[in-house]
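Note that the chains are named A, B, C and D in the order they appear, and that numbering of residues resets to 1 at the start of each chain.
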Amino acid sequence: MQKIKVGIVGGTGYTGVELLRLLAVHPQVELVAITSRGEAGMPVADMFPSLRGYVSLPFVDPAQVDLGQCDVVFFATPNGVAMQQTRALLDKGVRVIDLAADFRIQDIAVWEKWYGMTHACPDLVSEAVYGLPEQNRAQIRGARLIANPGCYPTAVQLGFMPLLEAGVIDSAYLIADTKSGVSGAGRKAEVHSLFAEAGDNFKAYGVAGHRHLPEISQGLARMHGDAVGLTFVPHLTPLIRGIHATLYARLTGQVDLQALFEARYADERFVDVLPKGMHPETRSVRGSNQCRIAVHQPQGGDTVVVLSVIDNLVKGAAGQAVQNMNIMFDLDESSGLNVVPLLP
Amino acid sequence: MQKIKVGIVGGTGYTGVELLRLLAVHPQVELVAITSRGEAGMPVADMFPSLRGYVSLPFVDPAQVDLGQCDVVFFATPNGVAMQQTRALLDKGVRVIDLAADFRIQDIAVWEKWYGMTHACPDLVSEAVYGLPEQNRAQIRGARLIANPGCYPTAVQLGFMPLLEAGVIDSAYLIADTKSGVSGAGRKAEVHSLFAEAGDNFKAYGVAGHRHLPEISQGLARMHGDAVGLTFVPHLTPLIRGIHATLYARLTGQVDLQALFEARYADERFVDVLPKGMHPETRSVRGSNQCRIAVHQPQGGDTVVVLSVIDNLVKGAAGQAVQNMNIMFDLDESSGLNVVPLLP
Amino acid sequence: MQKIKVGIVGGTGYTGVELLRLLAVHPQVELVAITSRGEAGMPVADMFPSLRGYVSLPFVDPAQVDLGQCDVVFFATPNGVAMQQTRALLDKGVRVIDLAADFRIQDIAVWEKWYGMTHACPDLVSEAVYGLPEQNRAQIRGARLIANPGCYPTAVQLGFMPLLEAGVIDSAYLIADTKSGVSGAGRKAEVHSLFAEAGDNFKAYGVAGHRHLPEISQGLARMHGDAVGLTFVPHLTPLIRGIHATLYARLTGQVDLQALFEARYADERFVDVLPKGMHPETRSVRGSNQCRIAVHQPQGGDTVVVLSVIDNLVKGAAGQAVQNMNIMFDLDESSGLNVVPLLP
Amino acid sequence: MQKIKVGIVGGTGYTGVELLRLLAVHPQVELVAITSRGEAGMPVADMFPSLRGYVSLPFVDPAQVDLGQCDVVFFATPNGVAMQQTRALLDKGVRVIDLAADFRIQDIAVWEKWYGMTHACPDLVSEAVYGLPEQNRAQIRGARLIANPGCYPTAVQLGFMPLLEAGVIDSAYLIADTKSGVSGAGRKAEVHSLFAEAGDNFKAYGVAGHRHLPEISQGLARMHGDAVGLTFVPHLTPLIRGIHATLYARLTGQVDLQALFEARYADERFVDVLPKGMHPETRSVRGSNQCRIAVHQPQGGDTVVVLSVIDNLVKGAAGQAVQNMNIMFDLDESSGLNVVPLLP
């Protein structure tokens, strides 16, 4: 079988190097080009020595390469880049998977408010498929353009999905208390992400409003069939990788929660419902595309607590992007993703 | 002025060494004895070299020392030890501050259920004063016996107190999503507290029920004047010190939350209400007896979010114990506690 | 091709779970049994949820399983266990790879002094092959019994090997300043390995003498052809995985160090000599069987500095054991070890 | 007694906030001004909430304040700033303590080579006293201008000092293998200092040459009375605070090392020689001005190993600066420095 020709735009950040880690050993993929304006000419493995022996390509200037030769291009770029380049690629028959937020929000006005820029191609937003396979597998299969979900949104949506689809909770008062490792902030030189700032420290941030709020709200509304009320509080925790979402909702009736979750995800390769009473830990998915979920009903009351963990760089970014690619190209959905989590 | 003669029972754990850190330079304290059955004879500073030059005493066998000579004895022991020895000390006129849970829960049946033992002196429980100065300063002043609050309970109660006292939230649905550093588990050789287990990892635990739940519920009920409904989910985060409590409740009416909190804690030396819009971080109280609190009302909705941080070993244990001692002995409440947090 | 039947004795420690991580997806391996006296009956994936979906076996009591059916048995046990069981396995035609120290030291008196026990089978020690493939590949190929090297010894020996084989340093004054992550201490409940003890802390230990000293000295002597003088100082650093060895020696003549190292390791799949001037970092090998080495000659003087990093659980333990198995069974040496390091 | 009026130039970095932590509760100090060009007008405690309640001053623009009113000014600025402003201050009778490197190297050509700039006031360099009290206490007492030592240089010089002064080692082959926490890199937004880069990672850097090399060489030469040969290899370790220096040298004769070190430091308040056989750990000095040292002679051979730990921000920067101020102003040398290390 012919390999899929893959291009990566923006390979110097954490989602970029994570895509490379996964794609370098993906049996059906041929890496064609990894672009970087700033590092053009530098061997990728000089910047990321972990890739020595696996990736021999240099970064290439985006102006010097024709990505039209690719079957699929991943954008691992800051918000606002993919929307400038996607149409030209689609026109050449190249499929696009954007790991940033450019195509995630259907309501353009909402997107422009939260991301502070004018959208370059609103029509492509309506074409784009939100790449959460557990929700949209059928549409992903035929898609030209994928909006790969954010990290928090993946963990939160997978946690609330069985409850909202089954209609067993009060959708007006949902709480998502989420904790993220520092790699979620990207490989950007910022004081608040320094080891001496984020290490041995824990804090909430963005309580007044975080960009992932409208993305999550949109997704939950889709499951519920109507708008939901969500309080979303993100926290920064001294992990490198990992997101832990702790979700709270009020039950509106009797339901066997464990059975509900197990049934919903029975056929999902990358969502693992833990046995009753267990608590997932972030390291149990470190380096893997797995989401692990546990559902609790403390003291048998009417508050349900869902615990959902992912590796923010894998199921929350690059791994889910590869999963989407696998679906789009009719490969085994877990191809290249058969990675045992690294513990300890 | 004559110094207060202090004894410490159980000086080899983290609350013990923290008491020593604070008391060794407390201007009105004379350390008389630090007991340890297992380490008797060993200089304290051999076990904790951080105390070299500050503490010259050796650990002494409890059987070899008369704690009746002390003005006050701190119990930094496992649960169930203080209740065996307190009456004898009180009878000799020694005041007692228990950093464990023996005297925290007024309902003996509840205590016995959660702590799995028969209580040795229920009558002393009813005499004991719960040592949360911001709530019970007057009673602490005259007390012989102090039940020093737990770490989670301190952070959670201080966060909910203004809201419950003012009666502005629905007390039936309170949520406390709390995160603790690993020192909260004590200096015990347990696999789950190893660096290679708890490091670079995040998890919830005890969702079905944690010993601090009845203590918090009792305290919140006292503020509310009636029982409250509480969902309490603790998490372990890869910090050494620090607790971050994120509290959620539904407002029952219009209220200026910032003003409410600032007024409630205006005279409290150790509770710092942050300016509107800020988020406290655990390192901002590292090594100090401070609690820092911020109150938010995301998107102007009817859910209030309180962020409350303490150092679990100081305001959550040894520091609050010293604060209680200062009150009991009519010292300046901040004597020996004037420690600037260590940042970074 | 028929798969190799593999047994693991002692699967509850870090080298055990690491063997499982690698062997669970090794294309030519069938896991037959994982023994544990203490956890018999418990599914392996209940103890290590990272293995859910990959390992369905339960731990089995060693008394309840016939390991004679295996082609090879790995001992991931404390020192002193393998030497009790190896002869019976060898007699049944089972090959043995011991990840502990039982067969590493040829001088039995030295072994007994450092490990504090009487050796059960000195004759097997002389048969055992020291499983450092870069040194002993030919003997490993035909071996029945492999003494898998220790973690420090692997990093130190690979760093000194080119220099000693070429005879370009003063072998009487070798210095190995080594730093290890905490997982090197194993999954044992010990106070000094707690997160709150080993976290945010750095210290040397065992300066007066460490068990890996005689193992390293023996290996270096083999390279040099005579005894060497070695000062070995191990340190504990707040990493989970990783060893960094910084080696110092005095050059006895002019030599192109970079060329020497590159030539020595040109054909070695798992030793990567970095370009001149670079510094390897432990995370560049995290989760992989790679050793990365850089050689420096500061200020052009006559002191050579070698920097050598490995993942202590992979090239320093389980990965090297799998590499040895691959060689013993004439598989591709990198089979099952084609794992891209996890960065960040 | 009248308080000493103190100004701080450059208060937004880690040495700045550390000076503030110590000076805010120093009994003989009055903080007059903390300058920052970028943050002028902002309350210091808004940037560093740990100082809330202790420092009420705002940052002030250097152009808006007359530092001539101060008794002493600390420069906690990047290299090259203090040398521009020192003469004017000295002319007004203000004493100056520079925490950067401007006045540390007596050989101007060497300084200009390593620091890449032309020195603004070579004459002041020759006047400046190198502020290592254990070496230069007498000169510090009368000094107008102090060059506060670097962090590595402090730990290394205190470790080698007894050996070099006594002339018992081969000074031609000294090795300093040093490990630093990440706060040593300062509060600068740089990728390599990010939590996701420096966390769970260990590496050497600057093996070819580090700015602290000439400073250390100069200091060791002063002790030895002649030039020494030094190999200096710094490493970055995932700590926030702390330096661990492991020093190696060859003994030239018989000497009681323990007695030598104890005698040398018998009268030094801030150098603690540990009992024979112990290993200092960085956390045992966390937050304090202490240096702890142990001396070993492994296997009784002729290689001496010295272990020396400091908190890089205290004895390696701000604490030593305060110690120098205390000496200059005839205060108790430990005034304001009586801080028990924070453990755990």
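Here is the rule we go by: a contact is a pair of C-beta atoms (placed from the backbone, for glycine too) under 8 Å apart; a residue touches a chain by one contact, two chains touch by 3 or more.
Quick caveat: nothing in here was measured; it's all calculated off a predicted structure.
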Farthest chain relative to subunit A (centres taken as mean CA coordinates): D
Chain pair with more C-beta contacts, B-D versus A-B: A-B
Averaged-CA centre spacing for the pair subunit D and subunit B, given as whole angstrom: 36
Whole-Å gap between the CA centroids of subunit A and subunit B: 39
Touching two or more other chains - residues of subunit B: 14, 181, 183, 187, 196-197, 199-200, 238, 240-241, 280-281, 283, 286, 344
Interface residues, subunit C side, partner subunit D - complex: 173, 175, 177, 179, 181, 196-197, 199-205, 207-209, 229, 231-233, 235, 237-242, 244, 246, 248, 250, 277, 279-283, 286, 296, 298-299, 301, 303, 305, 307, 309, 344
Touching residues (chain side subunit C, partner subunit A) in the complex: 14, 17, 21, 24-25, 48-54, 183, 187, 199-200, 240-241, 272, 274, 278, 280-281, 283-288, 290, 292, 338, 340-344
Residue ranges of subunit B touching subunit C (in the complex, touch as defined): 14, 181-183, 185, 187-191, 193-200, 238, 240
